[in-house]
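You will see chain A twice below: alongside chain B first, and alongside chain C after that.
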Partner chain A sequence: MKTKTFVLNVTGAPYASLAPLSALRFAKAALATGHKIQRVFFYQEGVTLANGLSCPPQDEINLTKEWQKLAAEHQLELAVCVAAALKRGIIDAKEAARYGLEQHNLAEGFVLTGLGQLVDGMANADRTVTFNS
Partner chain B sequence: MKASNSFDLLVVFTQPPLTASLAKEGLDLSLVNSTFEQQTGLIFLGAGVLQLHPNQQPDILALKGTQAMLQALGLYDINQLFVDEQALLDYSLTTADLLLPTESCNPLQLQKLLATSRNVLTF
Partner chain C sequence: MASLHQLNAQHKLANCLKLLAKTDSLVLIEAAVALAVQADFLQQLPQGVSVFALSSDLQARGLLNNCSPAIQPLSDAEWVAASLEADRVCSW
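Moving on, here comes the complex of A and B:
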């Protein structure tokens, strides 16, 4: 079997849609069968997965933590669209300083980045798969 | 028609204007894609054809319209815009009514465009 490189584009919100969970399951299945995940790009409502303050009930899956775990295990890049994130209140220390905000909430392991990272990913990966709402 | 060209990315617009910011995001992505020297085509499907309706007044709703961005597409070498022939009929429009020059496509032509593009993103 030929190894393929994937970029995942996650545009649906956690809990309100299945997008981050479906993408997580896809990523696990792809990695388990020897494929590569070049980058995971969180875009549109998908950026809210990167909110480090979300606390789902203990008996429910914590999607943010699950993604952090998978990313740490496989050195995955979790890229978050900065424009979509800022608009929805997902912010890192640097942007908080820039906008004069006292708090920031970007979850560990996620990086705010530009749309260029999605375009670069699409140009170089064998396939880009979108998970939307 | 030029539908035999294969694109690096086709951006598909399906939502009418004055709704969410999806169309603006699709245009943002189109412009970025083009600056990376990737061949970019735009498809307007269903109610998405209304994005190209002239005489929109988004400011009445305190919304930021996309007309300026649409008009900037040419500066980014994005000149291939395709519209859904049936949608134009549904909304009593012709390509002559639209804000920008477009090619009207039947379902087979649209299917071919989508099938031959390296990537497709829908907004």
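Moving on, here comes the complex of A and C:
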């Protein structure tokens, strides 16, 4: 079987939709069957997965941690749309400094980036799969 | 150029049907797997469309044993394979 590359575009929020969980299952199955995930792009409400301050109950799945774990194991790029993130209060240290804010909350392993990274991924990967709310 | 239409909610079906060609495939995921047990669902589709539903989503809702025999349950690995067999994935 030939190895194929995927870009996953997650636009639904964790807990309010199943998008990040379905995308996680798809990513795990793709990796387990020998394919590559070139990039995971979090867009629209999907950016709230990158909130490092979310604390779901301990007996529920922690989707942010599950994605961090998978990304660490497989060196996945977790790209977060910067414009969608900033307007929802998801911010890294660099943007916090730019906006004069004292706090930042972007979860480890996620990177704020531009929409161009989604387009670049779509142009280069074999398949783009979107997970909506 | 066949598409795999990925449907995650029942209310999106009407829009999906407008673009669903007879050479396309349809995969029901998340809450849309409830369509797999509805009697009139398959009659709305163009003839020739292959219909799948994610096994784990059917199982999570207690529908795995009630799924129409015309709808093929897919493991997550088969879901990935189906996305590669089509020329593109259209997510609703």
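Following the convention adopted for this analysis, the second predicted complex is superposed on the first by the 133 of 133 C-alpha atoms of A that agree within 3 Å, B and C clash if a C-alpha of one lies under 4 Å from a C-alpha of the other, contacts with A are read in each partner's own complex, and residues count from 1 in each chain.
In this section, contacts are C-beta pairs under 8 Å (C-beta built on N, C-alpha and C of every residue); 3 or more make two chains touch, one makes a residue touch a chain.
Note that this is a predicted model, so its numbers are computed, not measured.
Student: May I ask you to decide whether A:18 touches chain B, chain C, both, or neither, giving the answer as first, second, both or neither?
Tutor: Touch status of A:18: second partner only.
Student: Based on the superposed arrangement, let me know which partner A:83 touches: chain B (first), chain C (second), both, or neither?
Tutor: In the superposed model, A:83 contacts chain B only, not chain C.
Student: Which partner chains sit in contact with A:44 here, chain B, chain C, both or neither? Use first/second/both/neither.
Tutor: A:44: touches chain B, not chain C.
Student: Counting only touches as set out at the top, which of chain B and chain C does A:54 meet: first, second, both, neither?
Tutor: neither
Student: Please indicate which partner A:28 is in contact with in the superposed arrangement: first for chain B, second for chain C, both, or neither.
Tutor: Touch partner of A:28: chain C, not chain B.
Student: Considering only touches as defined above, state whether A:5 meets chain B (first), chain C (second), both or neither.
Tutor: After superposition on chain A, A:5 lies in contact with neither partner.
Student: If you stack the two complexes on chain A, which partner ends up touching A:122: first (chain B), second (chain C), both, or neither?
Tutor: It touches chain B, and chain C stays clear.
Student: When the two structures are overlaid on chain A, which partner does A:130 contact: first (chain B), second (chain C), both, or neither?
Tutor: In the superposed model, A:130 contacts both chain B and chain C.
Student: Going by the contact definition given at the top, which residues of chain A touch chain B in one complex and chain C in the other?
Tutor: Residues 128, 130, 132 of chain A touch both chain B and chain C.
Student: Chain B touches which residues of chain A in the complex?
Tutor: Against chain B, chain A makes touches at 9, 43-44, 83-84, 87, 114-116, 118-120, 122-123, 128, 130, 132.
Student: Touching chain A in the complex: which residues of chain C?
Tutor: Counting only chain C, the residues touching chain A are 6, 8, 29-31, 56, 75-77, 79-81, 83-84, 88-89, 91-92.
Student: So in the complex, the part of chain B that touches chain A is made up of which residues?
Tutor: Answer in residue numbers: 8-9, 21-22, 25, 28-29, 32-33, 36, 38, 118-119, 121-122.
Student: Which residues of chain A touch chain C once you look at their complex with the stated criterion?
Tutor: 4, 6, 18-19, 22, 25-26, 28-30, 32-33, 35, 126-132
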